[in-house]
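Chains: A, B, C and D, in written order; residue numbering restarts at 1 for each.
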Amino acid sequence: MLRVLGLQEVLRVHEGFDIAPPFFELGPKAYLYGKGVLELAKAADRIGKRYNVRIIFTPQYVDIPLVARETGYIHVFAQHMDSIRIGRGIGSVLPESLKEAGAVGVLLNHAEKRLSLSEINRTIKRADEVGLATLVCADTPEEAAAIAHLNPNIILAEPPDLIGSSQAGVSGRNYVATINELVRSINPRLRVLHGAGISGPRDVFDIVSMGAEATGCTSAVVTAEDPAAMLEAMIRSMREAWDKSHP
Amino acid sequence: MLRVLGLQEVLRVHEGFDIAPPFFELGPKAYLYGKGVLELAKAADRIGKRYNVRIIFTPQYVDIPLVARETGYIHVFAQHMDSIRIGRGIGSVLPESLKEAGAVGVLLNHAEKRLSLSEINRTIKRADEVGLATLVCADTPEEAAAIAHLNPNIILAEPPDLIGSSQAGVSGRNYVATINELVRSINPRLRVLHGAGISGPRDVFDIVSMGAEATGCTSAVVTAEDPAAMLEAMIRSMREAWDKSHP
Amino acid sequence: MLRVLGLQEVLRVHEGFDIAPPFFELGPKAYLYGKGVLELAKAADRIGKRYNVRIIFTPQYVDIPLVARETGYIHVFAQHMDSIRIGRGIGSVLPESLKEAGAVGVLLNHAEKRLSLSEINRTIKRADEVGLATLVCADTPEEAAAIAHLNPNIILAEPPDLIGSSQAGVSGRNYVATINELVRSINPRLRVLHGAGISGPRDVFDIVSMGAEATGCTSAVVTAEDPAAMLEAMIRSMREAWDKSHP
Amino acid sequence: MLRVLGLQEVLRVHEGFDIAPPFFELGPKAYLYGKGVLELAKAADRIGKRYNVRIIFTPQYVDIPLVARETGYIHVFAQHMDSIRIGRGIGSVLPESLKEAGAVGVLLNHAEKRLSLSEINRTIKRADEVGLATLVCADTPEEAAAIAHLNPNIILAEPPDLIGSSQAGVSGRNYVATINELVRSINPRLRVLHGAGISGPRDVFDIVSMGAEATGCTSAVVTAEDPAAMLEAMIRSMREAWDKSHP
């Protein structure tokens, strides 16, 4: 295994970025923008600080500069970028432009924005070059293993339906452990975020208790009557579950 | 012909936007970002005002807010957007986010970012809804005619190789007139910008003299030793050619 | 208008192909293949001949040679092709390969296989070159008008929900007439096929009575208990409706 | 490592297919079709038999049935397929249709037909289901490792420029060995084909001598004055190099 790691130059992984567990990804997708997204970002900043939980926050591209300037604790990631270099590429997202705008990382290969395997690889390398962390989505255990060979900073594993539902239990716990072990057998420095259809604080508590060091949410927060209150409940749950299982 | 126009509801074209000829599109593509693109935008703002020539300026998404805030004369357009509505769509560009960030329009279907016919149609409608002007690219006369039926504000016609070269002359003049006539026979309110591989002020003078009411440039400006000086020479040429042919 | 037609070289439309109304498109999509699709193709061949109704039949690529060899009355079209020329292009469908395999035309831009405006244009030109007829899908009246400028042989207009439902009536009739008129005001030689969520013979009768010269079906035929019997009922209905409205 | 293999169900890899080294992939891409491709396929069939070298042959979709019927020794693979199931999907290539047409495998993710990581995964699973072998392309060592986790039958590794050039030598040998070792450390049953810009029999000899168990060619064969003679020279070279290094 060490030989494999050598070959892939594990050390090129973006060194400037680390994120201590537990952490949380709050993705406003295209639900919020402008003033609305800024307000949620500021709430996330306060809440993260209060509970000592880092939050990755992914606004629309145009909102990155303001969100980055007005917050200090959350990690501002872009929702996507392209592997293009300075030059042509109308309509594409230039990595350097994100960095200068204040982003510290980028989400890649979400189910709503699939990339070819080659483009995932090229884009992770571009992120390393310009100093952006990478959070790369995987649908299945084998895709998580595949992506682990490309050396992102974090893998976002989307577990099957069982997790996040009331039937999770034992099989959910096995699933989280299996993915963590598989990914780390390939690249021990990789962090794994378990996306899990989180619909409330209880789901956050459960998945962290199952061994996840990170999870995330979109719709249950942005469509809540009071998004900041829902986020705070989830982050508090995350802290409690983490402290309980890491005494 | 009137019946055709009636059917397609010409009046839904975004009413809030008009741009008086002659005008110019300056596209920094992915050549410039951050401080560099802001500097060029400010120069374009001064130069456009000086010569009374409107300039459409298309920065990277993340640079739209700053460019829009720091300028007052140029029209800030996004390089692309998606037809998605508020909700899901990670990595896509939400029309509402561009509008709130200060963009007044959007470029669509550039050769570097092709869209399906249906997506062009949907995106123009979304732009109308949120109040963004549309500048839609066409490769050939028949594609310009096709797009004219979709009611954008401006068509960017990319003429064949002959234009912008020293052999342009009579055939170039015919080409410009032919496209203008064809597009206006379908939709008389449409403006046509003739992209033409502009490499210097002389090319701008020539194409305006051939009947174009607008043209544009990327590489000859952004790769010039002094981009602002090159832009000023082009805009001065545009004003001179226009005044000469519209006495 | 004549000037427009001149400019777009209407005459380059594939001359070798014409199809007399009424006609029908039977699309097996990916429901049938091999022996199953051959059986339906042979049934379509017999039924079309019996009622003097031409049927456009679109099998999977690999089934084109056998279906073309074993039938004589139906028109075998591919479900898609690319605009590539002889040379590179792994995984793409070469126009010349379809022609030599026995196809006489190609379907383009279906909702399940969207193409960019430029690719639609290039592919229609390639079809003209190699002698394949083109049947190009449009979602809306304005997209039908746009495609009419690109000179395919037939436009497949997908009407809105009202058609094919019991509420069709007057508005359905207006819709069919409007599309036909709009398309023919641009290019009088174009044929228009009105796709309409046909679920049985009655729907075929209705849409032909509303002025359609062609329609088509997939799921109601291929999922029928006896597909050949369902097809025959539809084709008989088409003939009856046509003869009644064209005495 | 064994645990990893267990998790990914190595055993689901299509059991019905194995190919003994040395073997060769002859890809006519879109250079040949109809009679031309059949003639080359028959030559490949004779030549492969004569030298006891299996040849994977990838014609245009429509030519699969005839090529499969008229040959007996070569392995007929499709150039691509989709992961769709029986049902909708106009213009897509249904796995079941390839199998019934006589294909025994499919090429996936070539540089001219990139797939998303998820689609590669789904399509390999579909191929396993219907009994088609998979030959999946990888640009870089890390992409080869990634794909190895998805359990195809063969990985087509495209080595960097050095191979196939006169400067290959030591570094070429290291490259071949490195990829082979890396892939087999993940999945020992995987075969690796080293694509290498093969331009003549000498290149084939060299890469097999460097440790490759398979290689392939397109343009040097299809554009040769006598394609069958060029193919024969390459296959003879492959046999000689193999026998010399596997005494």
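Points worth noting:
Note that in this section contacts are C-beta pairs under 8 Å (C-beta built on N, C-alpha and C of every residue); 3 or more make two chains touch, one makes a residue touch a chain.
Just so it is clear, the model here is predicted, and its values are computed rather than measured.
Identification of common neighbours of subunit A and subunit D yields an empty set.
Rotation angle, subunit B onto subunit C, C-alpha superposition: 180 degrees, expressed as a multiple of 5.
At the far end from subunit A, in terms of centres built from Cα atoms, lies C.
Where subunit A touches subunit B, the two copies mostly use the same residue numbers: shared numbers make up over half of all numbers in play.
A straight line joining the Cα centres of subunit C and subunit D is 37 Å long.
Subunit B and subunit D have Cα centroids separated by 46 Å. Residue positions of subunit A in touch with at least two other chains are not found. On the subunit A side of its complex with subunit B, the touching residues are 27, 29-31, 33-35, 58, 60-66, 79-80, 84-94, 96-98, 100-101, 103, 107, 110, 112-113. Contacts from subunit C toward subunit B in the complex involve residues 1, 3-4, 7-8, 109, 111, 114-121, 138-143, 145-147, 149-151, 178, 181-182, 185-186.
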